[in-house]
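The same subunit A turns up in both complexes below, where it pairs with subunit B and then with subunit C.
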Partner chain A sequence: MVKLVEKTPAEGLLPLEINGISLTELVPAAITSLMPFDGQEAAASALLSSLLGMECPHPNRSTGRDGARAVWVGRGQIFVVGKAVDASVARHAALTDQSDAWAVFSLQGHGVEDVLARLTPLDLNRAVFKRGHAARSLLGHMSAVILRTGENTFEIMVFRSMARTAVHELETAMRAVAARDALR
Partner chain B sequence: MRIRCPLCGDRDSREFTCMGHETYMHRPAGEGWGPAWDSYLHLRDNPAGVTRDLWYHGAGCTAWLLVERDTTTHDILRVELASDAKRGNA
Partner chain C sequence: MRIESKGRIDADQPISFNFDGHGYTGFKGDTLASALLASGVKLMGRSFKYHRPRGVLTAGSEEPNALVEIGRGAAQVPNVRATMQEIYDGLEACSQNRMGPLAHDLLSVNDLFPNFLSAGFYYKTFMWPRAFWEKLYEPLIRRAAGLGSLSGRDNPDPYEKAFAHCDILVIGSGPTGLMAALTAALGGADVIVAEESADFGGRLLSEAEDIDGQPGADWVADMLDALRDTGRVRLMPRTTVTGAYDQGTYGALERVGLHLDGPADLPKECFWRINARQAVLAAGALERPIAFPMNDRPGIMMASAVRSYLHRYGVAAGRKVTLFASNDDAHRTALDLIASGIEIAGVVDSRPEARARGDYPLFAGAQVITTKGRKALSEITIRHNGSDRKIATDCLAMSGGWNPTLHLTCHMNGRPVWREDIAGFVPAEDAVPGLIPAGACQGTYSTAGCLAEGVAAAKKALSAMGGNTPKIEVPIARDSAGGSKPLWLVTGKGRAWLDFANDVTSKDIKLAAQEAFASVEHMKRYTTQGMAPDQGKNSNIGALAILADATGRAIPETGTTTYRPPYVPVSIAAFGAGAQGKGFAPERLTTSHEASRERGAPMIEAGLWYRPSYFPRPGETTWRQSCDREVLMTRNAVGVCDVSTLGKIDIQGPDAGVFLDVVYANLFSTLQVGRVRYGLMLREDGHIMDDGTTARLGDNHYVMTTTTAAAGEVMKHLDFVQQCLRPDLNVRCISVTEQWAQFAVAGPRSRELLNGLLDRQIDSESFPFMACGAVSLMGVSGRLFRISFSGEHAYEIAVPSRYGDALFRQLLTQAETMGGGAYGMEALNVMRIEKGFVTHSDIDGRVVPFDIGMARMVSAKKMCIGKPATTREGLKGAERQQLVGLKPVGAVKELTAGAHLFEADAAPVRVNDLGHISSVAFSPELGHFIGLGFLKDGPNRVGEVVKMVDHLRKVETRVEVCPPVFHDPEGEKLRG
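So, the complex of A and B:
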C-alpha cells in the first residue's frame, strides 16, 4: 500500500531570518477563487459578508483579518483565504478550490520594503501601499499576489510550482539588502 | 514607459504585453473570406503620432486595455478597459 505524505509547498525551506527580516511559510486552511457573475457583485458580497463577516474587496484592496481574508487578485476575481466558502455562494459567483495551488509566505521586519523593491515593480511606499492594500504584480518573473498585512509585514502568494524559486529569489534579495546594510 | 491601468493604477510596462492595433476589437461578422477579413488580419497603418492599441495586463489584473498613445513622444494619452470600450460601442 502506497503511503502518501502531505507536504507544504515550501516544505523544508523555511523559516529564514536574515538581518532582522523573517520569511515564513503560511498554510491557509483553504483558498477559494470567487468570481462574481455579471451583475451579481453586490449579492455575492452581501452573502460573503453574512457568512464570513467580510465583504468583497474593491480592486487593490483586501478585507477581513488574519485567518479569514478576502483579497482582490485580478479583474472580477477575489481569493478567500483561510476559511472555506459555503457552496451557497455559487448562486452568485463562480467558485473554484485553489487551496493546494498557491504557496503563501509572510515577509516581516523593519525595511521589508527594501527586500521586495528588488523583486517587484510595485510602489510599496507605506504612504501609498497601506495595510490592507493588495496587488497582483510580479515577484521576479513570477506572477504574484502581494498584500500588506501590517506596518512591516507582507503576505506574498505565488503559484505552488514556483515555491522553491520564490524562496530562492526572496532569500537572495534579503541577503543583498543585508550586505548593503553591513557597509553603512 | 508606464501605463495607468484603470483597475491596478500606475504600473511598469514590464507587466503588460502589446497585442496590436485596436482593429482587433472589431472582428468582421461571418466566416466568409473577403476584403474585410483581409483588412482585419493584415492591413495596418504605421502612424507617427497618435494610435490606439490593445495591451494585456498579464502580470497584473489580467484585463485587456485599450491604450491611446503617441508613437513619437511615448506619451500615454488615455487608457480604458477594453470591455468598457466594447460596451460603449455596442
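So, the complex of A and C:
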C-alpha cells in the first residue's frame, strides 16, 4: 500500500538568508494546546513540570527550552511545543493536538528586531521583550505567536494556511531592511 | 548664485539632474530648490488658479509654490516640494499645473481676469444649468485649476510601514530638541529624535550663530557625537512626525529612498507608528509672510529662507537684495548677506523706530506697496515718509514675525492660546497628554531660551516617567530674540497674496466676511485658504488676522481653524504600504491547493480562503460543462471535495454538553458518543447565526463544525458565552480548523473508495448515517464522519494537515479509477440546492428557524441563546417569508439569485414584494434551473405560480412554488 507523504506547512519555501538574517521553518515533534480546567491550573502545572521539567508559563511568557517549550498563547491557553504531552495531564486540562495547525518559523540574526518592526506592533527592544517573553500579536495582517528564544532569535507561529503569506511578508521586510543597510 | 566656501554642500560631489527637460548641476547636500536657485532658476511653478509665475518662498516642508512632479510613468509623484527633494544623479523633475512650457503657460490668461475668479466665484457662476456641472463645468475647471497630475497607474515602488518604541520621543533637532534629547538620554531614557530634514540641527544650520563660543553647526556635530555616545538615542533623519494620537502614539513619515537612486527593494517612504511614553515637541517656528500688494513674484522669499539658502546651501538668493520686515530678523539677514559680499539695496522696516545695524540703506517706518517683474522680481516700490520710491532688486526677503509650529498639540482637539507679547498662538497647556512643547514652538525664540527649555522639557518628561533627572549645564548662546511688531497687511493697489498655494488674497478674506462667512472655519471653506498642500502653514494666522480686522473682532476671539493630522502631506502609498494588491489580506491556502491548481481549477475566494471552483477536463469550454459533469459524476459514482475550510472547534470539559445546549437551539447533551448531529445556532435576537454539524468524540469531548464564512465569528461567540454568559460551566474551546485536512467523499461508491484506503473496513452497521469515529487510513490516524451535504451516501475523512496533500491526491487517483473525481464549489452548491440545504446565501441574518421550517428544532426541553426571542410577535406566521423551492415555468427558463417575487399579475414594485430568490442552480439531473427562495406564506403556496423579476439583470419569468428538496426527498440515498 502507498504511504501518505507528509508535508510541512512551508514546504519548499524555506530556508532563506538575506543580509545575515535567516528565516527557517521549524517542525516541532508536537504542539499540544493545554487549557487547564476550572481550579486545575496548579495541578496541571505541577504535573507538566514533573513530566517535562517546565511549569505552565504566566501570561506573555514561555518556559522550557529548545526542544520542549511551554508558551502562553492566550487566556487560559498554553501550547506545549516540541514534546508530546502525556495523556495523564488530561485529568487537569483540555489537551488538543495542534501539531499540524501552525507554521513555526525561526528568524535569526543581527538586527532581527528591525525586520519584525515592519510587521508587528510589539516592542521587541531587548530590555523589554526578553528571552522567555511571548506574545499573541500581529504579523502583518495575520494573528501570530511571537517569542524570543535567544539573543538574536525569535520564533514566530502563524496558522498553517497562511504560511506562504507569512514567508512573503517576512521576506519583503528582510529585503527592505537589507536595502537600508546597504546604504550605510 | 553659488557663494564659494559657504554652505554645507559637498563641492567635490557634483550631481546632474533634470528640470523641465533641461540638465542642471548641483552638489551633494542640495535640495532641488537650492540647486535651481544656485543655477539662477527662479521660476519653479505656476499658481493654482491664476497660473501666476511663482518661485520658491521657503526652504522647508511648508513650501507653497515650488511644487514639482518627480519621476516618470507609473512611479511619477506629484506635488513634491522642491525644498524637500534632495537631488541625486539622474533625478527628473517637472514643473506642474501649466499648459505649454512653464515660462509661457497658456492658462496664465486666467490672471487677466482675477475679478472673475475671486472666492465664491464657482459657487455663484456654475449653478445653472444644473446638467452642465458634471459634463462641462467641472472637467473644464479641473483642467485649468489644480496642482500635480497622477499617472493613473499602480505605483510599482516599494513603500513600507513600521513600528518604533521609545521612552521619550523628541520631535525636532534644533537647539531645543538636541538639548532635550541629551538630557533625556543622560537621564536613562531610550530616545528617538525625529528630524524632518536630512541633517540634524534645525535653524542652527541656517544661522550664523555661536553656542558656547563655537559656530552653531560645530556645536550640533558635537552634540550628535554626545548623543551617539549615550547608546540610548536613535536618530531618525528625514522623518516628519505627522500626527499625535491616543496614548503616546505618533505617526511619522520617513523619506527613505526619495533622495537617491537606491536599490530596487529600498522603500521610497516608511510610515512609522512611534509609541512613546513621553514626547518633547521641539518643532520650532515658521516665519510668516507679509500680505503686501503683488507679494508673490519669483524672487520674493522669506527672510529665514534666504539665510537658509546662504548658510546651508551656499546660495545667494539674489545679487541685489532688498528686505521687508517688521522685526530684527531683516537686519540679521542683511548683515549675513553683506558678510558674504551680497549687495543690499535696502532694508524696509515697518517700524518707525528701527535702527540700522550695519552699512545698508534703511527705510524705517516704510512699507513695500507694489512690485514689478513678470517671471522674476525686478523692482519694488516703497512708501517712505509719505512719498513713493522705486528700488531695483532681484530678491526681496520678507519677515512678518514667527508662528510657533504647534500643530501636533492640536491633534487631540487642543485649541491654541494667543500670546499678545509675541503676537502669536502658542500651545494650550497639556493639549496632548505626555507631549511637552518647548522652545520656539512654545513661543520662546531666543537660542538661549530654547536650550534651557529643551533641558527643562526633558526633565519634566523624565520625572513623569518616574526617573531621575541628570545634572546638565545649559550652553551659553544668544539671549535675545530681537524686537518685533506685527504687520499683517499692506493696503494698496494690487492683490496681496495670503495663501500662495491656493491663490487666496486678502481681498478674498474680506469678501468672505462681507458675505457673512465670518467664522474662521466658514472663511476657510469659502476661500479655500489653508486647504492646499501646505495646509495654511504660511497663511493661517495672517488670514485670520485680516478676518479679525474685517469683522471687528480680536485675533484670539476669531480663533484658528482646526489643525488636523497629517502635519505634512503623506502619500497614500505610505499609508497603505504592505496592503497593495494581494497584501490587502493574507491568503489562506488549503493543503490541496497545489493539487487543485495542477488540475487547472480556478480559485474562488471564501473569506480569506481560496477554494477550487471546478476542475476542468479536456473538451470542457465553460464552467457549466465541468460543473454538470462533477454533479452527475458524484451522484452516479463518487466525488471528492476539500472541506477543510469549514471551521472546526474542539470542545472539552465536564460541562461540554450543557454548554452546547446553551449555544445550539437543539439538544447536544443527549447525543451519543460516536454520533454526529446537525445543529442550529441562534443569535440573541432569535435569528440564525450559523449552522453545522457537531460530533461527540467522547463523554466530555465534542468537535463542532461551522460554515467557512462564520468560523471566526462562531469562535468569538463561544468565547463570549464561556467567559461572560456562562462562566460557571467548566468547558474549554479551541479552534482546530488548521489541524485537520478534511475531505468530503460523496456518492454511491464513496464507501467502496474509502474501504480501499482504510486499514479496517467499514459497513452500514459499523458506520451508519451520522456516525463518527477514529479510523486508521494507510497507517495514519484520522477521523471519519458519515455526514452528507450533497444528499448522497457520503463521508468526511479528516487527517492531520501534513497528510492533506497526499491524501487528496490518493483519493483522486482512486476516485478516477471508479468513474469519479474531484468536485469544486460550483458542483457542491448545485448538489446542496438540489437537496434543499441552506447556506449563508439563504440564512442571511434575517432568517429565524421558523422561516426554514426548523421551528421545532428549537428544543422545548431547555433554554438556549435566542430562544426567548424566537417567540416574539412577527417572527412566525403567514406574514413571514419562508423557504420554498422554485422552478421556472414561464417562457424564460432562467432563475437568478437576488430576484424578487411578486404575484403573477402584480406590478413588480416594492410594496408588492413577496420575497426573493436566495440561491439558484442548474440541475443537470432535472435538466432545468431550480432555486431556493423566501416567499410570504410559501409552504402553503406549493403548486402556485408567482412572478420572478430581476430588476438588475432585467430578467422576468414565471416560477412554480415547490418543496425545497428536489433530490431524494425521502433521504434514502444518504442513509443507504
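Note that the second predicted complex is superposed on the first by the 181 of 184 C-alpha atoms of A that agree within 3 Å, B and C clash if a C-alpha of one lies under 4 Å from a C-alpha of the other, contacts with A are read in each partner's own complex, and residues count from 1 in each chain.
The rule we apply is simple: a residue touches a chain if its C-beta (ideal position, glycine included) is under 8 Å from a C-beta of that chain, and two chains touch if they have at least 3 such contacts.
In this text, all values refer to a predicted model and were calculated from it rather than measured experimentally.
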Next on the checklist: Quick check for you: in the superposed arrangement, does A:16 touch first (subunit B), second (subunit C), both or neither?
Outcome noted: neither
Item to check | First, second, both or neither for A:51, with subunit B first and subunit C second | outcome: neither
Item to check | Contacts of A:96 with subunit B and subunit C, given as first, second, both or neither | outcome: second
Checklist entry - Counting only touches as set out at the top, which of subunit B and subunit C does A:136 meet: first, second, both, neither? => result first
Checklist outcome for this item: Max touched-residue count on subunit A (subunit B vs subunit C) belongs to chain C
Checklist entry - Given the touch rule stated above, what does A:59 touch, subunit B (first), subunit C (second), both, or neither? => result first
Checklist entry - Once the shared chain is lined up, is A:3 touching subunit B (first), subunit C (second), both, or neither of them? => result second
Checklist entry - So, A:26: does it touch subunit B (first), subunit C (second), both, or neither? => result neither
Checklist outcome for this item: Contacts of subunit A common to subunit B and subunit C in the A-superposed view 75, 121-123
Checklist outcome for this item: Given the complex, residues on subunit C that touch subunit A span 158, 160-165, 190, 256-257, 260, 262-267, 273, 275, 578-579, 583-591, 609, 650, 652-654, 723, 730, 732, 734-740, 777-780, 799-807, 810
Checklist entry - Where on subunit B is subunit A touching in the complex? => result 7-12, 14-15, 58-63, 81
Next on the checklist: Please output the residues of subunit A touching subunit B within their complex, sorted ascending.
Outcome noted: 59-60, 74-75, 121-123, 135-138, 143
Checklist entry - Okay, in this complex, where on subunit A does subunit C touch? => result 1-9, 33, 35, 37-38, 75-77, 93-94, 96-102, 117-118, 120-123, 125, 127-128, 140-142, 159-162, 164-166, 169, 172-173, 175-176, 178-180, 182-183
